[in-house]
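Multiple structures follow.
Each of the two complexes below includes subunit A, the first together with subunit B, the second together with subunit C.
Showing the complex of A and B:
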């Protein structure tokens, strides 16, 4: 299995707050999302765009996956946002409220044009698509497969539930289907699946419960809106010592079986099958990516 | 002349003879006998020491122009004694006083500045001056420079004769008419009166100022009747709501919490983090947050501490109540919970500031401290600390016990963000040097942990922190990071006039502060 680029946490930093923009790099998030959309008031869109451009271009944080979230595809800001965002050269651009594959293709084409004009290697900037409506969920697979730039889909639960006329609850049953639909689309397309924000920043225990489900479902990471959520989510996505030890024992048993030319191997009486071997490999890859010596 | 931290100093500043800082432990060769203004005296003929007014007490003490008066700062920003006493002194027309409190906290109504402007006060000696008075001093309000000393140096100065106190006015939340006094009981309790002991023991005259006269004998007794000349009852000595203000802030700032957590990572990684270790987490937002994280880590490790030291907040009292700390030695109490705990908890004890921090004693408690956590305004690439002056040269803080803790603790940890607003905190050279870098073991920031290669425990710490996967960075890199984020500020321009002298804990001069050119 190849190297896993960690995407456990994606922390939003508002383009309207110079202090937050500067400080966000110092937390332990894997991905940093400089936001031009919802967190920026209309009257500050220009200033935020300029700030984020300069920050990413000249003060890019080291060791982080840097994303710029632009305004909506149909907003009046999208052209200027893309122009600035592409020229700043982040790792990825995050597009909000994607509902159709052709929307992504249109954005990808525009990015290519700007890359070419700016002398940036074509295709180097990746795309994250926020899925935030029932239409987006229904079209998730086509969106995930719409363009080679797409590397991740991220669920936006608040807008999704609003589009469904559903109530947003901490139990999150109302987004259970959407979570699974997006996960399956991501797995089919071979891109990463990023789970929705847990909005109550003061409820650490609630976040722990929520992110446990996120990881168990199979997500690769989670969007966070406050620095105090970062370590909790990172910890949930980092394999425990017990999990690492079990994965090592599984792989050792598989190796021993191969050495002895056995068709089937067991560990503590349990038959080890291919999915178990794959899960063990994933666990170790996640642990190594998190800096754990395995 | 140039001192050991590279600061240029004159030989004299007015009548003040400068003894330059020569390095830690280099100024202890000649220790004369202790001196004191206290004289033997007989019991009062009237059978009581209670006087009707502050004016009566001031007259009875024989306070005259040019004398030295002192106060403690244990009521912190809730102090109501200093203003009342100074107002009474002004009413009597006494001028040119040397004002020598243990610290000048930011008191208002009246402000101390008023008494400087009208000539009641012409000299100030304290651990720090901030707020309106600090601004006025830095702008050259006073003819004579302010002498700033860390907590440990004040008892040294008093016992060596550098600071001779004529009259000490000591606020107390309870006292009897014969002079036994305490800060531990009463509606306006401030807790420990740790900074009042040396004044009581050595001043020429001692006046207890209380708003809570209790039946004889007052219990508990902090300041004993044998040192007290007069007692005055006033309407209010302190405002408990403001005792917790100032240094003792609780933070929700995620950056500060991250630095606090990282600080505790450093402590927990050290081999000195073991059963019976000792710590001081002190004042300041980050330092207080450390206490809560430390409690969690101690619980995980299944260890308890022998003692916690210094200024004590409620968080440390919680640790005591959970059985995590055997003794809490309070030189001051940072909030109402800590103030009450001295009475309620047998292991929470009031200690004299000299016992806490005076290096010229037969041993202070800092000598036995494993970990000391400190705040700072600036740290430079030689690990020197500035805890006094802000980005525009303004007075922002007090020396407190910072220089004492850095030197006394085995491992001193300075916590601060890389930048504050648009100002770098890690700089090539601190504007005011308060603590020599050689006494600083670790600097913890949100961008990583820097170890001081010149510190005595450097090798041991490096080994422990590396083994624990703590991210280590070079202080030069932190300095460069700060510069890259906010740029290089324009240097602060000063006149030649020296407005404050910064003494180290051994009484030598580590730096001076000059008037800001506006």
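Showing the complex of A and C:
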């Protein structure tokens, strides 16, 4: 199956609830995360694992990037979670609370073993690593570069702030460094950066402000916990007509400058430098990925 | 290796799109299925066939199964029956058995 480029939104659906799992596919999220971890009570771990396995294997949503979030690396559930998740053949497995590169390598090795035993193409399942502690943030670059399967790091702000003994606020200054540290690690490794959940599902204006910052910082997408957050976040990550037009004008000016063998190019009085050209290319790439005819 | 149903066990809920499955020991009685569903007339045979197939996969011949269906699709029924059997037998799911 071809990989889907857009990762603006990844929506969690609890593995404990068939109705949640089945309904989640009908929203506009780019990535659907079937959860075996926090949303599943301890006494339902076995049943949730079987439910998610059967659902992904027999009723896989079409046109979505499918992720299974397994339980923690040191939990008693991880071995069996991997047995199930790998055999379900999702696009990716999301590992919670990653703090060290060797943890990812251990998981990647186990995935390879199961792929081989199950006759699944080796290396076909990607990894998303949740960074949810100060140690994870400090080691983000090593984690991002730890294994070729790693395609994204995702910030988990609630656990991160708890590990920092910090308060979690809507202004989110307490996660500003973590956001940037993860972004830089992702850019250095060439993987995607996914921002933390905005927890107040009733505060749409707050979400709009938060995701505006998310996008301005450079993130590729954001985790969402409720369907009503999906369209708001998708819209924020989809370039506006004004942004697209400006990007087209920037690139046209650059091309014209090349034709005229000019060293410096201006647009409306502003000097166009290489970073502006790169940003314009990124804007158009995001627009095309979102299905906009540019 | 066939599993034995050693105790009564339940999996699933009464929520919409789910099915509550209760599995009980029934030595020598074969597979006895009791099904409640709003879609019994239309999908009853299909639900029973799925249940029989799952028990067959586990190599279990004797058990009494009660299903209260709330509109579960086939893969949900399959998952809930598998979970109930594992709980009733006290054994983990044989993932290697899925490698066909």
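One rule holds for everything that comes next: the second predicted complex is superposed on the first by the 290 of 294 C-alpha atoms of A that agree within 3 Å, B and C clash if a C-alpha of one lies under 4 Å from a C-alpha of the other, contacts with A are read in each partner's own complex, and residues count from 1 in each chain.
The working rule: contacts are C-beta pairs under 8 Å (C-beta built on N, C-alpha and C of every residue); 3 or more make two chains touch, one makes a residue touch a chain.
Bear in mind that the values here come from a model prediction, so they are computed numbers and not experimental data.
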{"item": "Per-residue contact with subunit A, leading partner among subunit C and subunit B", "value": "C"}
{"item": "First, second, both or neither for A:19, with subunit B first and subunit C second", "value": "both"}
{"item": "Which superposed partner A:50 touches (first subunit B, second subunit C, both, neither)", "value": "second"}
{"item": "Touched partner set for A:41, first subunit B, second subunit C, both or neither", "value": "neither"}
{"item": "Contacts of A:226 with subunit B and subunit C, given as first, second, both or neither", "value": "first"}
{"item": "First, second, both or neither for A:291, with subunit B first and subunit C second", "value": "first"}
{"item": "Touched partner set for A:59, first subunit B, second subunit C, both or neither", "value": "both"}
{"item": "Subunit B versus subunit C as contact partner of A:148, first or second or both or neither", "value": "neither"}
{"item": "Which superposed partner A:118 touches (first subunit B, second subunit C, both, neither)", "value": "second"}
{"item": "Shared contact residues on subunit A - subunit B and subunit C", "value": "19, 22, 59"}
{"item": "Touch list for subunit A against partner subunit B, complex", "value": "19, 22-23, 26-27, 59, 226-228, 291"}
{"item": "Interface residues, subunit A side, partner subunit C - complex", "value": "17-19, 22, 46-47, 49-51, 53-55, 57-59, 80, 83-84, 87, 117-119"}
{"item": "Interface residues, subunit C side, partner subunit A - complex", "value": "11-13, 15-18, 72-76, 78-80, 82-83, 86-87, 92-93, 95-96, 98-99"}
{"item": "Sites on subunit B touched by subunit A in the complex", "value": "254-255, 257-258, 418-419, 421, 446-447, 469, 484-485"}
